[in-house]
Structures are given as structure tokens and as C-alpha cells.
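Report on the following structure.
Labels for the chains are A, B, C, D, E and F, by order of writing; each one numbers its residues from 1.
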Amino acid sequence: MGPVTISRRFDFSASHRYYRDDWSEEENRRVFGLCALPNGHGHNYTLEVAVSGEPDPATGMVINLVDLKSAVEGVLVDFDHKHLNLDTPWFTDRQPTTENLAAVLWDRIADTLAGATLSRLRLYEADDLYVDYFGATA
Amino acid sequence: MGPVTISRRFDFSASHRYYRDDWSEEENRRVFGLCALPNGHGHNYTLEVAVSGEPDPATGMVINLVDLKSAVEGVLVDFDHKHLNLDTPWFTDRQPTTENLAAVLWDRIADTLAGATLSRLRLYEADDLYVDYFGATA
Amino acid sequence: MGPVTISRRFDFSASHRYYRDDWSEEENRRVFGLCALPNGHGHNYTLEVAVSGEPDPATGMVINLVDLKSAVEGVLVDFDHKHLNLDTPWFTDRQPTTENLAAVLWDRIADTLAGATLSRLRLYEADDLYVDYFGATA
Amino acid sequence: MGPVTISRRFDFSASHRYYRDDWSEEENRRVFGLCALPNGHGHNYTLEVAVSGEPDPATGMVINLVDLKSAVEGVLVDFDHKHLNLDTPWFTDRQPTTENLAAVLWDRIADTLAGATLSRLRLYEADDLYVDYFGATA
Amino acid sequence: MGPVTISRRFDFSASHRYYRDDWSEEENRRVFGLCALPNGHGHNYTLEVAVSGEPDPATGMVINLVDLKSAVEGVLVDFDHKHLNLDTPWFTDRQPTTENLAAVLWDRIADTLAGATLSRLRLYEADDLYVDYFGATA
Amino acid sequence: MGPVTISRRFDFSASHRYYRDDWSEEENRRVFGLCALPNGHGHNYTLEVAVSGEPDPATGMVINLVDLKSAVEGVLVDFDHKHLNLDTPWFTDRQPTTENLAAVLWDRIADTLAGATLSRLRLYEADDLYVDYFGATA
């Protein structure tokens, strides 16, 4: 029939802070604004995971959604209700922006989807702000 | 000016069941879960129909939305308030998954849009689950 | 401080049919329209469960959301992915309209919330259609 | 004509943690779950502020929305991008639950609306979870 | 069983302008801001019509939605795609604010619902701004 | 890491009319329907502005959202609360359709984003209707 992309949304909550130790306090506030405040703030993140391929003729499915849910939730448990800077190892040398968070999630999720092709991550930090990421080789 | 894609959403409700007669009851339940229950269940589907092209210089439109609405609703009348397995002819040899339903809708709708190019169907089975389909030759 | 109402949404999918055996086919179609078709159709239902009271001074909570989730999901398992007419015992002598379904859900859920006051159920049959129910004594 | 209630939504982001120092670590985790983690997590909050009254015959307005916006944003600046436990004075002796946060916001906002009647605050912690608060005397 | 309120949403688009001829240009701009500009601006309005009562035991319905739809759309045809100040007779002596528009719609719709009780109109001027109206005697 | 696209939504309200002076009244009504009415009607428009690129390693950002907000709002001030036909210079020789409005907005916004690549504009005229535009050379 032709390839189909199936997308499913997942929710998690986390907090973060944008701050560079090699910058002055003033420079941090000028570039990062309120996001540089010391105790951080938080968001409800929504992640859309898109998987592409020809549907299996036997099941009519690109991927069994039970498997997709299990794989993605197995990754998100390391981010949900966490402080991204303090509770996870991925943001010691880069800021936990939505852009960088999407790339971290891509690497974690792509590894878990044996046999299926991750084609896009869309990560909402708020209803009116989101990023699309297609992997390092896109 | 350059090509524009215009997308309009349509709603319909239907019920369906995932089940293969050549599989055991256990295999059906293992693969399809609650979707294999005998009497089916249902969804509010939302279909986004995307049509692309250069706007007509006289009208500023890629397609007159009255024509698009008429064409798509003429197709959806065969699906709305129906049981996809029992009341339609398209799912006798394939499962009525969102993936397969999108492909069936594509073939029906593309035929009705004389002169306009159907560029994407996005079919939501629920707020957090949707597929994108671009046709067999995409 | 004063009473607070906390509302949480839950989703389920089901199918149904409106039909009275003591009416002619014509009368059923005149009153129920497409909803009278023999094989039924379906919806994604969204249920908002509202619980009211003074927050517990120790926890700041009207009800622990883990308990609320457990109670409501324990009820919804009897409705999710079911055909309301054929797979449940509650619609043998009344139509499975959104109005009646809300009343059935109220009786089931109110019984499970020991110590908390169910104050409203809002049941969406679609994004643009919902009912509010406050119990038989409201 | 009769009273009208006008409601306007506002957004802010914050982080928080549920934890009682007079409880053991185990008790905190049993009651508050992931919300007891030490570094907190965060949310995009949405606040609906409802003001009621007879519209002014000269303007047709219950309240000038410029005034409402100014009053509410003047309050929310103390919460936006903050850690509710660490950066605000209101949660030293109570948990920063959505219930308690709504009551704190009520007291702050009601004081700023000279001449207009605050009739309800609806505070969303997430799309599927919100509280309604009507003041201490409701 | 107890009374049920059923609410259905309807959409229409219109333009309007806030301006008092008995005020100076400066006073109009001070009070009404951009809404006082001479050529008007517009909105997508969403109207939620709530009807309350005991469901009919025969049908399980508070009101047949086909009748509700017909009644409300029969009213909205006079507002849809219109300039509220110039194309309708209701705003010659009052401003077309959301508050006043809700009251006008109430009087028109309540008259058409023979046998059913209109219990609330909720009128959205935008996603983040709406009014609730309960009639002159509420 | 790979390119990221970041999208932010902006809202504005405007009114418009579709009409060609070189067509008869009948032809205008046949093609444009209610949109040809003399006094115009209006919409709440939502504009999604997508900017693409490699995130800056120092900040983790494709574009500083403060700069994006400032640039886009500096453009939208010429459209917000305006009548597109009467109050702006862009629709004297073309209809203010969503298609044409997207192209006008593209040219205005692309000029303001020094150093960043505008990759898509998505313009909603209503919740169920939107266009995507990628520039004249797309």
C-alpha cells in the first residue's frame, strides 16, 4: 500500500534550569532570562513518537502499540518527575533546552525500537512551543 | 508565490474489531488485546485532508473549500456511524487498523478531487494516536 | 480555607446502538437516526470525575489521586473497549445515551469513593458534546 | 440583563515538591509517590480567573480585560518560573498541591480586583487535572 | 435518576467594533483599545448551549440533538459571517462585547427550545476568553 | 547532533472579505459564498512559526525565543485587530485568503530573522482549517 507513519503521544513532567558556570550571573540572566533562576522551574512535556514503515500484512500495524508504549515508557521513567539538571546524567555539559532534550530522548528511544524505524520526535514544552527532531543523520 | 498545502479536518464515528479467523482465540488476544473482543468497540475519528498546489491567482485558493467539503463528506458517509468490519466492504481481508483505514480513505478521496492534489491524510483514532499516509507511491 | 473541587479526566472507548424493540424500524430511524443502525458505532469517551471537600491539612489533598485513579479505572474496565448494549448489563431496559451512561457511571463510582464526595461527572461523547450529572438527589 | 461571568486564562510554569519533614522518608514516598523526590519536578499551570457581575451599560463589560490582565499578571510574576517551595513564602507550612496553590492565588488575586467580584479560580496542573476554588466563605 | 445537563458546541465567525459615538476618539481608544479601530476585527466564536432536565424514559435523552442543532443553527445564521455592528439589529444601543452577545443569543435561543430548559450559554471569543450567561432571571 | 526545528505559536484577530470588483455580484457569491458579504467577518488566527538549524552549542538553542517573539510580534502588530482588506496594503490585488495571508506573513517574517532559517509557517484560520507555506522557492 505504501509507508505509514504512526504517532503516539506520551506525557511527563520535569523541571530544569538553564545556566552556564563559565558565564557571569549577568550573562546568564541576559541570555536565559527567568530560566536562569537558581531553583529551576518546570513543565508538562508532551512527546510525540513517530514510527514509520509498511504495515505488517497480518496485523495491519506498523508497530504493535503495546510494544511502542512499553518501550517509550521504559525510557521516560528516567525523566518523569525529575530535575533534568540534577537527577539525570545527560545535561552536565549542555543545557536542558527542548532542543537538547529531544536529541537525548531520540538516542534513548531509537535504541529500544528493534525492527521499527523511529522517524520523528516532536517534543512540546508547552502548548505553544515544540521542537521536531529527526536524528543526527537527518 | 510557491505551493501551499491547505488542510481541513472532518469528524466521524465508527466501531471496529481486530480479529483473524485463521488465528486461535489465544493468538488474537495476545496480539490484539481488548481490540479482539467479539462485539467491537468504537472511536471518534478525526481526518485531516491536505491538498497542495499553487493558489489560483483569481481566487487565492488552492481548492474551493466548498468543493473539498462536498467531496470528503461524500466519502465519509460510507464510514460514519458504521461498524467497519460488518458494514463496509473494505476490511474483509485486512484488519481495520488506523493504518489500513487511512489507506482506504486515501483511495476513495483521491478519486474525487479532480484537478487537485491530495498530499497527505492524517487520521486520528484518538487525541494521542494518529497516522499519516501519503499514498501508495509516496 | 474552604472547599475545593478536584477533577481528573479518564478516557475509554466503547460502541453502542440506540434502538427500541417495541418501536417500528421506521420509528427508530426517525428518532435515533444513524444511531439506530444494526451493528452500532463507537466513540472515545472522556470522563471528568469531580470530588469535593476540604483538603486534608496534612497532605493538602482533597483525595489522593492514586486512590481516585485506582477507583475510577476499576469501574471503567467494565466499559472500555466494550459494546455497551451487548457486553454490559446496564442498558437492557434503557438506551445507552450519554445521559444514561453518566448516571450508570455515577452509581458505580460513588460506591467506590469511601470518605470522599463525588460532586459531578462530566461525560464527553465527542469534543463538542457532553453531559453533566450530579446524582439522583441533586 | 442579568449577571455574566467572564473567564480568562493565564499560563505560568513552576516546580514543586511534596514532602513533610515530620514524616519518615518511607511515609513521604508512600503518600506522595514521585512527588516526594528531593529535587522537585514541574508543571505548566493554567489559571482561569472568573469575574462576575452585571455588565457596565456604557461599555458592555463586567471588567475591562486590560485591568484584569494587569491585576492577574501582577500576581503571577511571583510564581512564574519559580520553585514553589523554595522561592515563595506560601508553602512553608503546607504542601504546594494544586488545591493549596489555588487558595493562595485566590487570596492574592481577590485583593487586586477593586470593584469586581472574583467568583471562581480554576487551576490546571495538567490537561487532565484541575481544581476549582470559590474562596474561604464559599 | 436526576436531572442531566447536556451541552453542545457550535461555531460561527463574525466581526465587530467597540465604539461610542457620544465619546471622543481619545476616550474610545483609552477604554476599548484596538477594539475601537474603525474597520473592526473578528473572531471565531464558539457557543456552548446547555439544556437541562430529566431524560425522557423512552429515549434516554434530555433533548433530541437533531432538534437542538436545528434550533441553534436557525439562530446562528443571523450572526455567522456577519459584522455584528453593521449587519445585525442588536447592537445599535450597546457594544457587541462577548457579554452582550451572550445575552442576545440567550433571548433568541431560549425562544426556540419549546419544552426544553436552556440552563447556560458559554460563549468563547477566543480559546482563553469566555463568558457564562444564565438568563435575565438567574 | 543534527538539525532541529522549533515552532512557536502566536495569536491575532482580524477581519476580511473575499470579493472581486471585476466579477458580478452573482459570481462573487457563487465562488466566495458568505465570505463575499459586504461588511466582512473575522477570525482568530493562530500562526505557527518554525525555525530550523543546529542548536548553538553554548546555549542549546536554535534561536533565542525572546528574539523570535520580538521579531514575529513586530510583524503581527500590522495585522492584529485589523480589517485585512481595508487596513493593510497587501490585499489590493489579491484576496485575503489564508493561503495568500500565509505568503504575505512569510515575506515579512523571513526578513526579520537575521541568521536564522524560517522553515515553515502554519496558519490556522480556524481549529479545523490551516495552511502550510514554505516560501516561494520551496
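One rule holds in what follows: a residue touches a chain if its C-beta (ideal position, glycine included) is under 8 Å from a C-beta of that chain, and two chains touch if they have at least 3 such contacts.
Computed from a predicted structure; not experimentally measured.
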Option reproducing the contacts of A-B, where over half of them reappear, out of B-C, C-E or E-F: C-E
Furthest chain, CA centroid comparison against subunit B: D
Whole-Å gap between the CA centroids of subunit C and subunit F: 41
Chain centre separation in whole Å, for subunit F relative to subunit D (CA means): 34
Subunit D-subunit E separation of Cα centroids, rounded to whole Å: 28
Subunit B, residues touching no fewer than two other chains: 127
Category of the chain touch graph - line, ring, star, complete, other: other
All touching chain pairs, where touch follows the definition stated at the start: A-B, A-D, A-F, B-C, B-F, C-D, C-E, D-E, E-F
Residue numbers on subunit E that touch subunit D, as the complex places them: 18, 20, 31-33, 94-100, 102-103, 127-138
Complex interface listing, subunit F residues touching subunit E: 11, 13-16, 34-35, 37, 39-44, 80-83, 86-87, 126-127
Contacting residues of subunit A [partner subunit B, same complex]: 1-10, 50, 55, 57-62, 64-66
